[in-house]
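So the structure is just underneath, and the comments pick up after that.
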């Protein structure tokens, strides 16, 4: 049970549709694995192309799926005619992202008409267990009256 | 003229060597375009694979090269036997990253034996002009006695 | 039950002793109302001297007790000969701090030998209910071999 | 010469008037020592009541005047009928705030109709020289159609 009531009953389809238009998510091989009101999880499997110099997941990949998980958690609560922008986020890298799969779980802390605050935990799957490897605190802004379609 | 004196005279070669081992930088097509003591710039040209849902550079790409530019700026000041880790960063996205090329300029604000603080500005090239599109404030930690080689 | 085991069995006395030496806590009238391994809560009652221009608690007061609550949560897990420093924090102000009492609850997210990460929620008591008004994510550094006594 | 043009020709009087209504600034003895379009500096002299446990300026005091300096830098660019709120800030403490006077210099990085981003450097005066001791990156929101008067 989510703590939030979506303003748009079609929120899940809208989140998935927006996610599918992100070239960067395709490039890194990320998948949207959970959507609920105020919640979105994004996962990506390890491959060498996602590494930093020690062979673990690159911090940029951790930040990319963390940012997107928080963004889509917030987007799930937006009305049908609003778009969403990341204003800023802070990420603490807590442990090396060493493992076979990365999962970012974005959760809305406080929804708002203009600004929404989200918290994201990123876990790395290693030896069958999820280990917390990063945590983010993020501010997002709703853009009223803008559809989320790509510009033409 | 840099404000800092490197501890390792071979800092530039060491930075380039570490950069070349990052699979994620290859994947997104990023290049290290400037290294000096306490300074590193990373650039990436636009292609659709780096986009968010509106067709601009994805915020994750902005964060990825911003994080790396600050990291290598700090790494350039490390002694030859130390490695570097991103502890955390905060990024403000100031304007849509709409343009043909993204350039992150990382500069050390305060070097330290254990912690180094860096500031990074990210610019997007549009119509021949660089526009500031993001700014980061970052904390890095030196790992003494660890080479930067990938683990075997 | 705390999730952490303190390295110093006298951690609570040590936290209270350090808190009592902070002139700034006395000035604003803050009290340490809870200490456990990896946990510290600090509260302050409203008075006009703590206000911003609209008559609510000033954001600086929110940040001050938030920073200290996270710092003492981390300090509670330090060995007896180590001191602690705030490296950085990020605070999101979620709602006006309008009420009669402010309570910051600091919790360690990840303890470490050198760096500890803490999360702090700040609540304001209004009409008998605690309302979340701010959230912080904080990085702290242990200073080994330094007692926490004031310099002479 | 400021880089910005104020929307309200009476911006300086308005900033000073708002500052004078902040009980917390009086309590700590802070003074607004500079106002220009997109700029505000706040200073406070040392006394024991502003200390942390080692006798230096408390990080909460550093954050309080840093937050306010950025807030008033942004407020100076607001139209006459708008108020301003701190959305969030991140502060890195770079060196102990050991000295006789603390000066926070807030500068707008990017003004906006809804959101304004500010950067603040905090210096401590010691032995006649200003030393950088903290740096902040801050997000502020304009509240259109709200005067800055205290609520009655």
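General remarks:
Should a chain be cited, it is by its letter among A, B, C and D, assigned in written order, with residues numbered from 1 in that chain.
Everything below uses one rule, namely that a contact is a pair of C-beta atoms (placed from the backbone, for glycine too) under 8 Å apart; a residue touches a chain by one contact, two chains touch by 3 or more.
Just so you know, these numbers come straight off a predicted model, no measurement behind them.
The greatest centre-to-centre gap from chain C, using C-alpha centroids, is found for B. More C-beta pairs touch across one of B-C and C-D than the other; that pair is C-D. If you average the Cα atoms of chain B and of chain C, the two centres end up 33 Å apart.
Inter-chain spacing, taken between the CA centroids of chain B and chain D, is 29 Å. Between the Cα centres of chain C and chain D there is a gap of 22 Å.
In chain C, the residues that touch at least two other chains are 87-88, 90, 92, 139.
Contacts from chain A toward chain B in the complex involve residues 18-19, 21-28, 47-55, 58-61, 63-65, 67-68, 85-93, 148, 150-151. The residues of chain C lying in touch with chain A in their complex are 90, 92, 94-95, 109-110, 117, 119, 132, 135, 137, 139.
Of all residues in chain C, only 87-88, 90, 114-115, 139, 141 touch chain B in the complex they form.
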